[in-house]
Every structure is written in C-alpha cells, then in structure tokens.
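Below is one structure, written out as structure tokens; the observations come after it.
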Amino acid sequence: MRKNECIAMLLAGGEGRRLGVLTKDLAKPAVPFGGKYRIIDFTLSNCVHSGIETVGVLTQYQPLVLTQHLGIGSPWGLDRREGGMHVLPPYVRQKGGTWYKGTANAIYQNLGFIESYDPEYVLIISGDHIYKMNYDLLLDAHKKNNADATIAVISVPWADASRFGILSVDEDGRVVEFAEKPKNPTSNLASMGVYMFTWSVLKEALIRDEADRQSSNDFGKDVIPTLLEDGARLFSYQFSDYWKDVGTIDSLWEANMDLLEERPSLQLNDRSWRIFTASPNQPAQYVAPTARVQGSLINEGCVVEGAVNRSVLFNGAQVGEGSLVEDSILMPGAVVGKNAKIIRAIVGEGAVVGDGCRVGSVDAAEIAVVGSGETIRLPEEQKEAEPV
Amino acid sequence: MKLPLTGVINLIHEADEMEALTANRCLATVPFGGRYRLIDFVLSSMVNSGIPKVAVFAHRKFRSLMDHLGSGANWDLHRKQSGLFVLPPSMEDQTDFGKGDLYHFYRHRDYFARSASDHVVIARSHMVCNVDFAKVLDQHRESGADITVVCKQTPEGTPGLARKARVDETGRIVEMQDHFGRLDSDIVSMEMYVLGKELLLDLVETSLAQGRDHFVRHSVLSRLNQLRVHAYMHEGVLGVVNNIAAYYRHSMELLQPEVWRELFFKPSAIYTKVKDEPPTHYRSGADVTHSLIANGCDIEGTVTGSILFRGVKVAKGAVVRNSIVMQNGVIGENGALDSCILDKDVEIRPQTQLRGSSEVPFIALKRKVI
Amino acid sequence: MRKNECIAMLLAGGEGRRLGVLTKDLAKPAVPFGGKYRIIDFTLSNCVHSGIETVGVLTQYQPLVLTQHLGIGSPWGLDRREGGMHVLPPYVRQKGGTWYKGTANAIYQNLGFIESYDPEYVLIISGDHIYKMNYDLLLDAHKKNNADATIAVISVPWADASRFGILSVDEDGRVVEFAEKPKNPTSNLASMGVYMFTWSVLKEALIRDEADRQSSNDFGKDVIPTLLEDGARLFSYQFSDYWKDVGTIDSLWEANMDLLEERPSLQLNDRSWRIFTASPNQPAQYVAPTARVQGSLINEGCVVEGAVNRSVLFNGAQVGEGSLVEDSILMPGAVVGKNAKIIRAIVGEGAVVGDGCRVGSVDAAEIAVVGSGETIRLPEEQKEAEPV
Amino acid sequence: MKLPLTGVINLIHEADEMEALTANRCLATVPFGGRYRLIDFVLSSMVNSGIPKVAVFAHRKFRSLMDHLGSGANWDLHRKQSGLFVLPPSMEDQTDFGKGDLYHFYRHRDYFARSASDHVVIARSHMVCNVDFAKVLDQHRESGADITVVCKQTPEGTPGLARKARVDETGRIVEMQDHFGRLDSDIVSMEMYVLGKELLLDLVETSLAQGRDHFVRHSVLSRLNQLRVHAYMHEGVLGVVNNIAAYYRHSMELLQPEVWRELFFKPSAIYTKVKDEPPTHYRSGADVTHSLIANGCDIEGTVTGSILFRGVKVAKGAVVRNSIVMQNGVIGENGALDSCILDKDVEIRPQTQLRGSSEVPFIALKRKVI
C-alpha cells in the first residue's frame, strides 16, 4: 500500500456538559444534528471528501452510542483493509488506565498508532463542530508555506473574540501571537481547533509537552504557545464558510434553525459534498391528510399528522393530530401525541410528549428541553378538563 | 442464527406488463414506495428471516440490478462464504434468453448442490410484502408437504397478474391456474415455493429430460396429484405488482398509515441501497398532505395524495396530485400533475399541466423533459 | 434484523507468561500457529462455521498486534452491518479503569454489550486453544437438556487430570461435581473452557458473583462451583477431537509438530471447515534448486534454499543455502542465513539467525527459542574459522 | 493520498492466442504465477499507485471476471464514492460485441465525465508487471506530452504479441506498429496510455464521428504527427502474456529468484482473491526443487522446474517436471508430467505419463481426467 501522506486524528471524547440532559448518556460528537446526522458526521465526511482515508477517532466520555454509530466505518467508506477508521479509547495498561489528560495528551497516548502509518502530516480535528471544509486545501497551504503547523482560523465578531483562541498574524498569514480566550483581544481571528502539523514537528512537541509537569497537555493552552515561543513556522489558514461550535443548548438549537433559512449558509443538499451517516433504514416519511408542514426539515420514518412550523424532525419522530410543533427540534424517535404544543423546544431521543401537553413557549427566554427517553404526560384529571 | 434455507429470486421470464417503467430496467428494479426497488421486499424478507445465501437469477436488462445490489452490503449479504450471488444468463449464447427457468437452474445446479441448507425457497421479485420465511419453513416441516407455496387471500379485482389456487380443508393445493385461467378462487399464489433441495434438483432434471423447462408449470402445476403441495397463508399486506394498474394501486395504498406501518415494519425493516440524501426541506409556502415523501426533496409547492421519491424538487406554485414522482424529478413553477407517474430524472417545465386517470395514469419516461 | 439467538464472548486477554519471549509484545491469542494462523483464528473460525455471527472479543494484555490482526473482522466475514466482531478492551471510566479482575469479571464489565443484542444464549470461549468445534451442536445439546449451562469436556490422561478443571457427571451427562485442579481427581473429564449459558442464568450469576467480595471472579473457580451448589442444571458436552492448550513453549512446539504427522489429528486442509486468517498477501513460496524439504508445512512468501525437515515455516520465512532447519518452527519473516543449523527450536517473528550460526540441538532437553526481532550472529573471527 | 488518475482496464478485443486456456474465461482471468490471475498485476499496480477508481471494460466470457473481482474488497477498492466498476457490454444487443473499444468508452462516457481526476490511464490485462503509475503521471506532466505510453526495452525474440515503438532522443514516439508490423525496434508498448480526460473524450468523439472505433489504432497511431506521444520507460520485469509460448516462458521466468522478488515486491505487493488455503504440506519422501509452490498443496512425489497453484496434490512416486499445474490439480501415484500445462481441476490418473515440449507444452483443459 501507498504510504499515507496525511492521516487525521479526530478528538471525540468531549463531554459537552453544557448540553445538559441531551448528553447524559452521550458524548458530544454523538449528539444528533440536522434532522439526520450526528455532529461527528461532518468532520468524518470532511476527511473522506478531502482524500484522507486513515482516521483515528479518540473516544472517552460515554462512548457506547458513539462507537455504535461509528461501527466499522462503512457509512463513510472508511471500512478499509488498510487505514480506514480506528476507534481509540483510552488504553488500560497492566497498572490501570486513566482518561486522556488533555487534547495533546490524547494524541501523545496514541503516538504508536500514528507511527504505524508513518505519515508526513497529521491533521488534528475535533468532532464537536459543524462545518464543511476541504482539508486538502489546508494541506496545500501548509506545504506552500513550508509550515510546521497550520491553524485554520475564522473571523468572529469582535464581541465574541474573548471566548476563543485568538491569533494575530502578519501579512503572510504567519502567526505572531496566540492567546487563549484573551480579555482584550487584538484580533478577531479565532482558531477553529483544526491543526495541520508536520508530523516530525508534532511528535517532538508532544514528547516535550508530556515531559513538562507544568503543562495541562492541551493544544491551545500548551503546545501551540510553546511552538510559537520557540519560533516554529506557524501559519494561519483563513476559512470563511459556515462553522459552528454547538456546545450549548442555545447554539445547538440555533445551528439547527440555521438550516431552515431559504438559502442556508450550511447547504446539506450538496451532491458534491454529501454528509454521510449511518442509515437508520426507515421508510419514506408519511404526511397525513390532517398535516401542515412549513419551513421545516423532516427525515425518513417520520409520521406527521399535526402542524409543523420551522422545525427539524429526526428519523422516526411523530407528531399527532391536532398538535403544533414550532421552532423546535424532535430528536430521533421522539413522539408527540395529539393536541400537544411544542414551542421553542428540543425533545430528546425517544422522548414522549403525551396528548395535550405543552412544552416551551414563544416568549420563554430559554429553549425548553425534554431529556432523551423522558416521558411527559398530563395528570388524568387535566386530560379531560383542558384540551388544547 | 441462520435459517437452513437457500434463497432464490427468479427473474427469468417474470410476467411484466409494466410498459414504459421496464423499458430500460428489469421488473425487479422498478422503483417503488418512495425509495425502494421491487426486489427489496423479497430480498429483505429473506435476510430478515435469517436466510444466509441468496441467488438472484438475472435475465434481461440486468445492469440496473447489478448497480442496485452491488456487493449486497446494504442487505448485510457481503459474507465470507455465503451471501449474494447474481447469476446472469450466458452472454455468449443468445438462445439462452429463450429458455425457461429450469434450464438456468440446471446450469447453476452447483449453486444448490454446494449450499449447506436442506431447503430452498424460490421466489419472484414483484411481490410487495414482508414475509417471515422462518414461519413458512416451520409449517413446511410440520405439514410434511413436498412443496409449500406462500399464498394470500385477496379482495376481488386486485389488478396484478397472479396465479390462483384452490386449497382443501387440509391446506393442500388441489388446483392452481395461471392468471388467465378461469379458476374461481380468492387465494392467489405469492410465487414463493419452499421445497427440499433434493426434490428441486430431481424436478429440474426430470422436467428437462421430458423437454419441459418451466418450473411452476412443468414441475409444480402438472404434479399436483403426485406431490403434496400445501399453501402457507400470509397474513400481512401484499401487492402483486406487474402491471401499471397494480403499480399505481399498490403505491397509493401506502398512503394508508396501517399499510405503511405493516409493510415497512412488520416483522422487520425493508432495506435498500443507501443514498445519503439529507432530510426533506419543506419551505414556507409548502402545502403537503396525505403523501409519502422520501429524503432529499425540496418542496415549495403543493403535494397531495402523492409519492415523491428521493431528491424531488417541487417549485413554487406547482401542484402534484395523485401522482408518483421518481428520483430527482423536477416540477417547475406552476406546473401541475394529476394522476401521473414520472420515471427518474424527469423534468416538468414551468406552467406545464399533465393529467392522466387513475386507471391509466400518464407515464413519463426516464430523463424526459416535458 | 433477526434477533441473535446466541452470541459469543471470546476471552482474548491472556498474557501467556509461560511462552516467554514469544509473548513479550504479544497477547497469547495473537501467537502464530500452524505456519499461517494466530491462535485466536481457530475459535473465531469455529464461531463463523457454527453460525454465530456476533462475537465480542475481550482484549487486555498487549492488544496492539492482536487488534491489528482482527481489524474489522473481514478475514472471518465478521465485518457486518449488524452484529459481527467487536473488540472490547477494558473500559476507562471517568474515575479511571482497571484490567478485568477475572474471566467472569471481564464478561460482567460487558453486560451492556451483551444486553444490546438480547440473546437467549451466550457462549463463553477462550482465544488460547487450538481445536475445531461446531458450537451449534453444543447449543443443540444445551437446549435438549434444558440446561442452565453446558460445559464442553474432553477426556484427558488420568495423569494430567490434576492440571485441569475436572467434572464428574451422572449417566445423563449432568454435572454432579466440579473441581478446579484437584489433587486426587475422581474423573478424567476436563473442562475445555467452553461454556454455553442460558443468558438469563448467566446474567444473574455474574451479578451475584460481582457482589461477592470473596470471589476471584473466575468462571472455573467461582461461577461454575456456585451454580453447582445452587442446584442449577449444569451439563457436560463430550468433545473427542483434537484440543490443545498451547500455553507453554513445549506445548506450542508439540502442537505445531502434531500437524506434520501423515494423518494429523487436526486437519488444516479441510474445505468444509477452513481456518480463516488475515492474508499477508505474499507470493507463492520459492523452493530453490539447492533446497530439500521433507515432512514440513511451508507458507506463502517463503524462500527455501537449504534443507528443511519436519518443520513449520510461516509466511516470509527464509532458509539460506547450506542451512538445515529440523524439528523447528520459523515464525513469520524469520530469516535463517547460509550454513546455519536450527534444530528443535522456535525462531520468533522477524528474528534473524546469521550465517553459520547454530540454534538448538538434537539432545537438548528444552526447545531453543530465538525471541521475536532478535538477531543472532557469529563473531567475525568464527565466521571464517568454522563453516558448518 | 489519492493519485488524480482514473484507471481503465480495457478488455475489449484483447489480442488473445491463449488457445485452451481462454476457452471458458477471458484473458484477464487466466491463472498465472501460482495464485494470481493476469489482471491482478495491472489492477494491483493501479491500487498501489494510489488510483482511487478503476473501471474494467468487460467483454466476452466475463463470468470468471465477476467471480474473481467480486466487490473489489481484495484490492481495497470497495469504496463509498469510488472503487471498482465492472462495465459489461449491453447484453440486449449482440452487435455490441463486434464494436471497437471507442464505442464502449462512448457508451460509458459518464464514467469519465463524473470522475474527479483530470487524467486517465487506459491499460490492458495481459501485461505481467509491477508499475508505479504515480511516476508515469509525473513524467507525463513534466514532459508536456499529450499521451504517455508505458514502454519497455525487451530482448530479441520475446514471444508475446506486442506493439513496437520507435522513440526519438526527446522521448517522443515517432513510429508505432502492431505486433505483425516490420518496425525494427526493441521497445515494446506495454499498452498503458496516460492522457488528459478532455483529450480522451475528444478523441473518442472525433474518431467515432469519422467511423473509426479502435482506440490505439485510430486515436493514437494515426495521430503520432499531431499529438505529442511520449514513451515512459519501465525498468522492472515485464511479461507480455497473450499466447501459450509467452505464458509458458514468463511463468518459468518466475523461478529466477530476482524475477520473483522484483515482480511480487517492487514497488509493492500484488493482490489477488484470498482463498484461505492452509500452508503446503511436504510429506516425507517429497522431493521439490527449483519450483514455485502455492498454499494448500499436498506433495509426496517429485516436483522440479514447475509451478503448482493452490491446492495441488502430487501423490507418491509422481514426478512433475517443467510443468504448470493449476488450482486443485491432482497427479496420481507414479504419474509423470513433463512440459505440461494443466488447467484447473485436472486429474492425472495413476501411472499416466504426459509430455509436451517447451515450445509447445501439452495443455489439459479444465476438469479433464486423463
């Protein structure tokens, strides 16, 4: 087999604590997104479309659903004889095992895996973000600059800049300053957490970082600043398409709503850049005579008998007669009974909202959430008293 | 666990009155139900029943079949020592095409001989149903029948072409006739025959030696006296889909939620080739009711009483009624369809109006621009 | 998909300490065997031939080579959309992870995996043994006896009985007594470490065993004796074909030599029960004009220019001109130079025996071993002084 | 990383003088080298070079081809959006068989149009070699040639049928003739043509429009003046295997260790269909020298100067000299072969002696019992 010029290491251990009940039994990369996908599908599909066919997926927190979703990589064509997708959980040695200490430590613990492919370049990405990007162009830029590391950056509103790792660059795009969540940002170029490294440089940096007891073993906090100090050739690569970290309930909800625009900036229906995912094998969706559906994304296996406005319905979601689902997300298999009202809400996987129930409201400050598998029912007496 | 039953899907001389829909494909690959091909139903039934090895005896126009089936991975049949076998007729010998199925079974008798299972089920591709063959095999063994035929009691006037059977009180088929026969019975054969491997090979050789080459006519119908041929009564839904009237009728039956639930979920799921289409986008202004919509559609207009396959676009002001629009169809602005069947990749220009009847729907050939 | 009636859990974490330098970087199930295979290939192939298509492989000690060998299960046809092969390393939770405490604990830690397939029966096997067995017949017997557990047994010489778990059975084959390595065995029926359990019984037994602080969480020492005490329906299933635990250098050597008999009791060339393994993609073996090969098994990719007697050569092994390899095993890629002598020896993977060297001898009490990757060379002066 | 080159293995009208060896299979699937089929060499070369997508234009007798290639998994080509495509001629139209390759390229022009790569390599199946197409593409780009042809300097009197080329000092091919031509040159074409996708599609349409349908003759040879056609000189071993003399000669060359090492390992491995045969068992009394032996053999007799394919049995007292015995051959007790080629599944009865010559080896058809 041909030597792998570039392999990808995908950090997929995120806990996504701010997603609350949606990530109770779920790693963040496994959170459903866009009516059909899980977050990690975007980066995996990016790899495949960019010609990267060896991907190590580093799992950690609640890996069961994630590992099941990944399977042997066939939905992405990564079920290969050589290379392909490899799931890399933290490894237990004879003396026990611990979680990865930080992003850099996660890669460090898998040096052997990377070495076995003897790549020239290693792409470090995270399974937490929604975007479509051709990493091959990033690699081209990296080579052209003869860089040690190239960091993909995106312009963020100045107001938000202090929430990101912020880069200052010179006219050639070379990084002159890097600040993790700076109080007074001097630039609005935010790191997307997408790093292209020359492997020999990364390897040495990781070994040094691991030896440093003071280090928190994180790319943004430790590895990149140290490389910069040492005068390594760090370059930025400007990305200007849709990119979103869906780390909170609000941003998850927003990113889903973004898809409902007339001309969404993240185009899912793009034949040259399909987002691949495990197929749930469901029949075509059924829209009943009593249904009304507007400005929504609806997936296979859904049964819609009520009204659905500006909402995203995942596979197998059901909306009963007389119900209204508006500005909401129904995760896979979520069932809304009859005469219920779901407004500005996320209903988790397999959750049930009984007949006549209300979830959320137009003027609530926060997005209402029904946790995965939860059931909400009206008390018996109300059922008859208060039809919606 | 594996069911000790070898599957055969027999595409040789399938009764096909599907007109334009089979102009460039075989009956087995006619699109159905928004995202499937006809063969998916029997193939998924076999896989779900635990049948480890399925041979598809291909005949004419099988390029679409090879495309659709691929390695069988979508049906989980890409196995090490069993799985999916597509057996085409010999290309060198054009006379092969004229010959009956027994001739092809004989050419591939190694396939049967080598299979580890004692029993074989021979089926057709055009029965839209969801059958548990494990139950059929159970009954076959318990009844002591030589051959068990899956049958279904159907209402008067179902349009598809099917053999009719008369069954006595013990479950034995005492008479069976081709679809044009006069036999007065509401029991139709689903053309799924379960029998012992040895018996099959014996029938193949005996019939061929007698100069006869048609499995059902020459090996089964003419032997109803000698062989104990029993009926297994299928309880689920059934569509015999081999003419346009039946295609249209059984497609529209999917708009009944109980038919949808039963056909696609009971006892198990129907598999098909995965296409990676995104969810369907209903835009503001869309008005969709009483319809079956596959993924990847983009709907701004009105759709009612219809079936849209994957990737169909219905522009603003367009109206699709009582119609079936296959993959990647485009209905331009203010276009109007009533009782139409559009094959794949058909484009309806803005303002165009087409109208067929539910008896004789308007059919547009693949890739037409109208 | 059809419900899995029976799934298999394959214990593949064995360290194989008594195999010394051969298992330094290798779990015992990954030790090469029979000129082409690794030990685990036998049990995996058994599963496939028995119609068991869901197999959990529990790894632990030095899993790298083993995991690489297993890949996505394709050599065994276990790269399935549903079910198939799943590698289950010890799992690291937030609070850290430890190795499996014992065989029973290994299964206990994967209760969730088993539950997700909802099987009726669970087959517990070990990746340490060489045998060909149809587990479907074992399952038939288990069902016929309406058993809670069925233990496959084999008659061993009375003299060896005290090295095994020994069962006494009544005339129906029901187990009346079980003794782990008894000093005074009352039977010569040894447990093969192959257990068919009714899942509901096993699940309860494992939960109870885990709760018992006194338990060493082992099937042979704890779970089986406890079930027996409690009057569970334990049956034996008599197996009478070839079965061997290749846990020591001697038994590994012997088992390989067994294959060289005129009518070997373990028939590898059996078209109805192929042993599957990952293909190394090597060309046909080349036997030079100067070669002499007798009573041996030789695999693809070998180059034989010397004499080979009663030996097993794995893929890519080479024997130079003038050399003699006798009563020996050359592991994959082992290279024997010119005029060397290898007698009653095992040469590990990728090891090199230089020109003129001698390894082992006819009358040595022990089998000589050259560790994997080791190189043996004559000192310069000897090279010329002493041609063999 | 992927090489931006689309692969085509063109089996249409391959020059085939392989006599009995292609009676029931195409040239591409003739067994070679103990465990391979001829097509494995060019296909593995393509895969090892990083070519992501290979189309095999099948022609006659392609059942064995489909069996051998399967889903392409053995060559790691069962990909999501690329991989292996076997494109058979249309079965409906027998006249298809007579038509030249350009006609078939035209029918499948979508395949080329859809591929993401800018360049195409069109190759044949009967070149036994191990080529790095990445280097060919590099030279093609650097030289600015319109078409680059992989060529090889060969010794006088190599038996296979190959086109000869005359190359000027700049590497440009100034003359090229079919194998029966009189051109005096020791440079033969390996029938691997690298060219831009646009140029190919242009040549296909232009030539067909002129009523000409043969790629090399009508699109390349007749345009040596207009197009810059350059030679890439291949350094490794080459066997042009399309007649029996060449088959025998190049098989026997594998018994030279330097040929064995170069063909099978440099630059990368040759893949084939995995068969799961155990290691070969040399019994006491076996006497094997100067031979290539595949797995699964069982040898009690004498083998010298020969090639045994997988699963061959040589009984006690049998002697196999200078012969090629394909898969599952059986040589009975005291049988003797000299200069023979036994096709698959041939059984030589005890005491039988067969002898051909190295010029004209004795050939036994598949499944014969002699």
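Every chain is named by a letter (A, B, C and D) in the order it is written, and numbering of its residues begins at 1.
Everything below uses one rule, namely that a residue touches a chain if its C-beta (ideal position, glycine included) is under 8 Å from a C-beta of that chain, and two chains touch if they have at least 3 such contacts.
Please read all numbers here as calculations on a predicted model, not as lab measurements.
K.L.:
Is the C-beta contact count larger for C-D or for A-D?
P.N.:
C-D
K.L.:
Name the chain whose C-alpha centroid is most distant from the C-alpha centroid of chain B.
P.N.:
In terms of C-alpha centroids, the chain at the greatest distance from chain B is C.
K.L.:
Round to the nearest whole Å and give the separation of the Cα centres of chain A and chain C.
P.N.:
Each chain reduced to its C-alpha mean, chain A and chain C end up 41 Å apart.
K.L.:
State, to the nearest whole Å, the distance from the C-alpha centre of chain B to the C-alpha centre of chain C.
P.N.:
47
K.L.:
In chain A, what residues contact two or more other chains?
P.N.:
Each of 74, 81, 276 in chain A touches at least two other chains.
K.L.:
Can you list the chain B residues in contact with two or more other chains?
P.N.:
Within chain B, the residues that touch at least two other chains are 73, 269.
K.L.:
Which of the residues in chain B come into contact with chain A in the complex?
P.N.:
Going through chain B, the ones touching chain A are 33-35, 73, 255, 257, 260, 263-264, 269-271, 274, 276-296, 298, 307-309.
K.L.:
Enumerate the contact residues on chain A facing chain B in the complex.
P.N.:
Touch residues, chain A against chain B: 34-36, 74-75, 260, 262, 268-269, 274-277, 279, 281-300, 303, 308, 312-313.
K.L.:
Spell out the part of chain B that touches chain C in their complex, as residue ranges.
P.N.:
1-2, 48-50, 52, 73, 76, 79-81, 268-269
K.L.:
Contact residues on chain A for chain C in the complex?
P.N.:
That would be residues 60-61, 64, 68, 71-74, 79, 81, 84, 89-92, 94, 96-99, 112, 116 of chain A.
K.L.:
Can you list the residues on chain D that touch chain B in the complex?
P.N.:
Interface residues on chain D, with respect to chain B: 60-63, 70-71, 73, 78, 88-92, 94.
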